[in-house]
Amino acid sequence: MLRLNQMKVHTKYIAGLIVVIFFVLCPLFLNSERSYFIYFLYTTFIYITIAQGWNLIAGYTGQVSLGQHAFFGLGAYITAITWRAGLTGYFDPLAFLLSGTGALLLAAIVGVVLLSKLRDDYFSLGTLGIGEILRVAALNGGSFTEGAAGISLNSTAYKSMNHYYYTALFIMLFTLVVIVLLIRSRVGLALIAIREDETAASANGIPVLRYKILAFSIGAFVTGLCGSLNAYYIFHVHPPGVLSLNWVVIPVLMCILGGAGTFMGPILGAFVLSIAFELTSIWMPEIHPIFSGAFIVLVTLFMPSGIMYYITNHKSMIMRRLRLTVFKWMNQKA
Amino acid sequence: MKQRSILYRITIRCLFILFIGFLITGCSKGRGKEIIIGSHLPLSGPGGLVGLEQKWAYDQAVKDINDAGGIYVKEYDAKVPVRLIAIDDESDSGKAAAAVERLIKKDGVELILSGSNGAMGVLPGMITAEKYKVYYHGTLIWLETFLEHKFKNCSLYNFDMGQVIPMCFEVWNSLPKDQRPKRPAIFVEDSFDGKMMGDALTMFAKKFKYNVVLHQSMGLGAKDFTTQVIKAKSANADGIICLANTPETVTLVRQLKENDVSFKVFQGFKGTWPTEFYKSLGKDADYILCDGFWSEDYPFKGAKEIGQRFFDKYEKHSTSVGLYYALCQILFQAIEKAGSTDPVKVRQAITDNEFNTVNGKVKYDGRGVALYTSGNFQWMNGKQQNIYPFNLAKYKIKAAPPWKKR
Amino acid sequence: MSYFPSLAVFFQIIINGTFLGTMYGVAAIGLSLIFGCMQVLFIAQGTMMILAAYSVFWLVYFMSIDPLISILIIIPVFLVLGWIMYKGMFQRVSQAGPSSTLLLAFGLMVFMESMMLFIWSPNIRSVKTSYSTSAFQIGDITISVSRLIVTVVAGIATCLVYLFLKKTMTGKAIRGVSEDRVTGMLLGINPNRVSAITFAIGIAMAGVAGVATCLIYPFDPYFGFLFSLKALIAIAFGGLGSVGGALLGGIILGILESLSSYTISPGWADAIAYAAFILVLIFRPQGLLGKAADKV
Amino acid sequence: MENHLLELRSVDVSYGDAQAVGNFSFYIDKGKIITLVGANGAGKSTILNAISKIIPTSSGEIFFSGMSTAGLKPEDIVKLGICQVPEGRHLFTKLTVLENLELGAYPVHTRPFMKDSIEKAFTLFPILKERINQSSGTLSGGEQQMLAIARALMARPKLLMLDEPSLGLAPKVVSLLFKTIKKLNNDGVTILLVEQNVHQAMEIADYAYVLQTGTCKMDGHCHDLLKNSDFKNTILGIRE
């Protein structure tokens, strides 16, 4: 029995590995300079990373942050400022590290202040405020941030889409591995305990604040990395672009859609939502925002806890229907 | 555990099916006997008002050329019809880059007509087009920004900063001396455009020996401007140059009137040209100036007609559709002269030739830049009267009387 | 006082801040009610306001009535709309927890914004009345008529809601259920019905706010989101869930913005508001008004 | 069928996979005081909540005045005349004493008698009259319990269910409380009392059910049970 279980776990890993290898090989059989699929994957990887970062603090730990765009924007600004100052270069690992660390530090500072004092909705509102403060600060940052004009970067440095694709893939895999390790460890248990009952967790000797800040900071770190990559991609860092609420709203949507607090949730949610958005803007260019809104409303109405929970709760039914359809289809073919 | 892994496999399978579907849609590039031109426009989001006018003008230009049988392309030795693919960039810089990626990679577009909205649309579009060496036929972005990025595959047909800014003061100087404002205030919105404009205005005001008494920023989407109004009152400003969106400008004018702060000249940018501005304010909008890219009163071929067509459709006048129409005319003529739809050849044809448009003759320089003279208009009884450029304008600016004397 | 050239200017700024704040406040009341009763952060409130503003626009356009009279039509319509929205959507989803309702509210916001954009185009609309730009003077202080009307309307609306909560059985039930849902059930109160009523009133307040918007501002479909954000700050100032507090919180926010934009810079006014918001959340989570706000 | 006021027939209640009450049957006759006793977690409060329909039963039936309550909602139960005073009082602390009382008469058919009922409550608990406009959060523990009972009485219940009314109160207050409960019973209200304070509960009650881990261990008339050695060992033995 034990062996069987282990084997199943192995198949899961193998399936995951196959998917990763598929992603790694993609640019080899597709021209990444002309393939929309590569670009689509690149953006989805970024969204998955941010969504997983948010999942860690909101899904697993239960502290709903609405300030992820602050970390994203900070990462982008650090990359832009250090590059402009000549401290780092194009696709400089140091710049990524600095951006991530900057976001991490901001999260730690914000965390110490907000997480110790605020709970639930108050924390959400507080983080939203942090993001907006950062936006206004960037707007009024004088020559340091170039205010509303933003920082223009040297766009002639662009070489190949592959750089972006592989960096995004790497950042996403890094995030996924970190989260798997974290969730499988004692820390993960502690985080879930905090989500379920904070008082009980603290009564059981879990240093609640420390773990919350840890989760918040790790989420911020990976979000900062994404911000940095986006700065290199867009070559123009300005407040309405990198500090837009889009960078918190879309990943949060993906995460909730997939199922917050599950590992596969954000990944599934990101793919489903990206594909839905893409297809609607191709098929119904005139009314695609209406569809996006309706899509979100319908999903929350019928799967309020996310696709993953829906699947786990209805798996026998889904399987039965799936088998039936496949069966019918085969019969028809025959 | 067993069921979970089945579930997992199913999920992966579903994703694979979707991927493959995507690969297919992603790779299929319609290559018929037509010229595909792409464009990304702010059809939704805060820039929607501009985007729809722009799309209308593009559509008209494409319709007109197709009615004439298309563009003669030497490579095909035939007249080829044009197809425009205009997609929404939601007035967002990230989405604009994504839109251009999609145009290039999904639709296989190699010629792109300009988006709108400067740093929020055109700039990310140009940067993306440049990456894949696709020709971007641009407008509505600051010359400095354009040059800063050293674009090789883009061109710019835009108004001239070095002309627009002095234009404000030249117009002021055309007033009789006793009616001229002496203490101008500058109100600019908190955006890329606002920043560039504010700095340039302050610089040129000095050149024209105007002493700027107040330089204020206006928050994007702000709902109250009493602070700025009170400051203008205490600084005793008598002329104003204001760059902001329409809702903000309307609120500002209403508050100016409520507080009885009168300006001899109210020069508006961006927010004052839409007809909705006049509808919102009625008579109070009289005497206010607005910039405009173009006027249907210009004596160029087709100008009157395109203005009339716009009026027939929307029952309002536009000071911008001519620019967009002209932009298309330039591109179509360039394709014909290049005899090809190859982006490099088209770009070459752009810089080599001179073009006739509803906005006059256009000649690009070696950097791929052509500048035109921006117009200036004054609202009077619901109509925008063209007051600048002086050589084309039939109307002369009037200084605004104080609110109480209207 | 050295910041201000004269006392009149100071009072002028305070009064303008109050007027601006009333707009925030009137948007915040509904939000606060809904949040207090069912812990739903209804961020589509601003968009509901704009929907109301469009309704007023068309009422004025086709029936040429005064926008103020249209309140009488808007309120019942929005009450029904709110009831339907709760019964059809939020009742189902509220069992899944606050993040789902937040997502639902967001989805509604996107849906309504793009629907309005599609139907009514992104053109800016505005309603012009005879008093749109009139003002009168008290000493050196200018008072805008339309903003004064809005302030009075907001005051009346707040008072009515306050009295409703204070004096009627249903109002008391709303306050009771906000505090303890299960006990409400033990007393024979149907919490879903009470929530639906609360939601309906919240949406009706968005309707009132929409009429107010119409009187002062030109608007487009995207005009409302900023109001949602500002209303959130206002309810934090006033104490989450309190009605009088929401209006007062809005006014405090308005005055704060006016003062800081005059003394420091309009560009920083937003940041100062947000910073104050975070400080209030940290140090006075019951709201600036603390005890006073507890009562309602 | 005998006409019991309330009857439970083999009721099961579960929280997720954990069964809280299993195969529980009992009945109350009109005008009686019945008490449910048992240790913490024996399932006493669960039974009350199941009667009130706050939590669903997984099987079994509940009858009130010979009528099945299946499919009814909590508010319907109150309309039928069953009121529960929950454990830990659960007053609306932000509302005043008067408003709390008024909310007690929320069901429409009780509203016409509201003035009367309030008068009655004040004669029963004169102290509340002095506190009438105070917010109920500021009352002392005993006063709060009185208010909670008074509030439940506002709905003119036929059956009053009290969950641990003596919890956290001073002994003097407790005995006063029990006197009041007895008085209420004499006025014709049937009472279902859940108590850990077994002695005092048994003193006023007619009949008792002993619960252990969700099942009925024994039942009997109070004076019989108090003599029963088994009962003494399992329940009182632990307590004393």
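Per-chain residue numbering starts at 1, and chain names A, B, C and D are given in the order in which the chains are listed.
Note that a contact is a pair of C-beta atoms (placed from the backbone, for glycine too) under 8 Å apart; a residue touches a chain by one contact, two chains touch by 3 or more.
Since this is a predicted model, take the numbers as computed values, not measurements.
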Any chain in contact with subunit A as well as subunit B: C
Central chain of the complex, centres being mean CA coordinates: C
C-D or A-C - the one linked by more C-beta pairs in contact: A-C
Computed distance of Cα centres, subunit C from subunit A, in Å: 33
Rounded Å distance, subunit C centre to subunit D centre (Cα mean): 43
Separation of mean Cα positions, subunit D and subunit B [Å, integer]: 74
Where subunit A and subunit D are represented by their mean Cα positions, the distance between them in whole Å: 51
Per-residue multi-chain contacts in subunit C, two or more chains: 114, 117, 265, 267, 270
Junction residues of subunit A - those touching two or more other chains: 139, 289
Interface hub residues of subunit B, defined as touching at least two other chains: 44, 190
Interchain contacts, given as pairs of chains that touch: A-B, A-C, B-C, C-D
Footprint of subunit A on subunit C - complex, ascending: 35, 39, 41, 89, 92-93, 95-104, 106-115, 117-118, 229, 232-233, 236, 240, 265, 267-268, 270-271, 274-275, 277-278, 281-282, 285
In the complex with subunit B, residue positions of subunit A that touch it: 4-5, 8-9, 11-12, 15, 19, 30, 33-37, 39-40, 43, 139, 147-150, 152, 155-156, 158, 161, 230, 233-236, 238, 240-241, 244, 246, 264, 268, 271, 275, 278, 281-282, 285, 288-289, 311-312, 315-316, 318-319, 322
Subunit D to subunit C touching residues, read off their complex: 52, 54, 73-75, 77-79, 83-84, 86, 90-95, 99, 102-104, 106-107, 111, 135, 151-152, 155
Residue ranges of subunit B touching subunit A (in the complex, touch as defined): 1-12, 15, 18-19, 22-23, 25-27, 44, 87-88, 90, 92-94, 97-98, 101-102, 104-106, 119-120, 123-124, 127, 130-132, 145, 148-150, 190-192, 194-196, 220
For the subunit A and subunit C complex, residues of the former touching the latter: 58, 64, 113-114, 117-118, 120-122, 124-126, 128-130, 132-133, 136-137, 139-140, 249, 252-253, 256-257, 260, 286-287, 289-290, 292-297, 299-301, 304-305
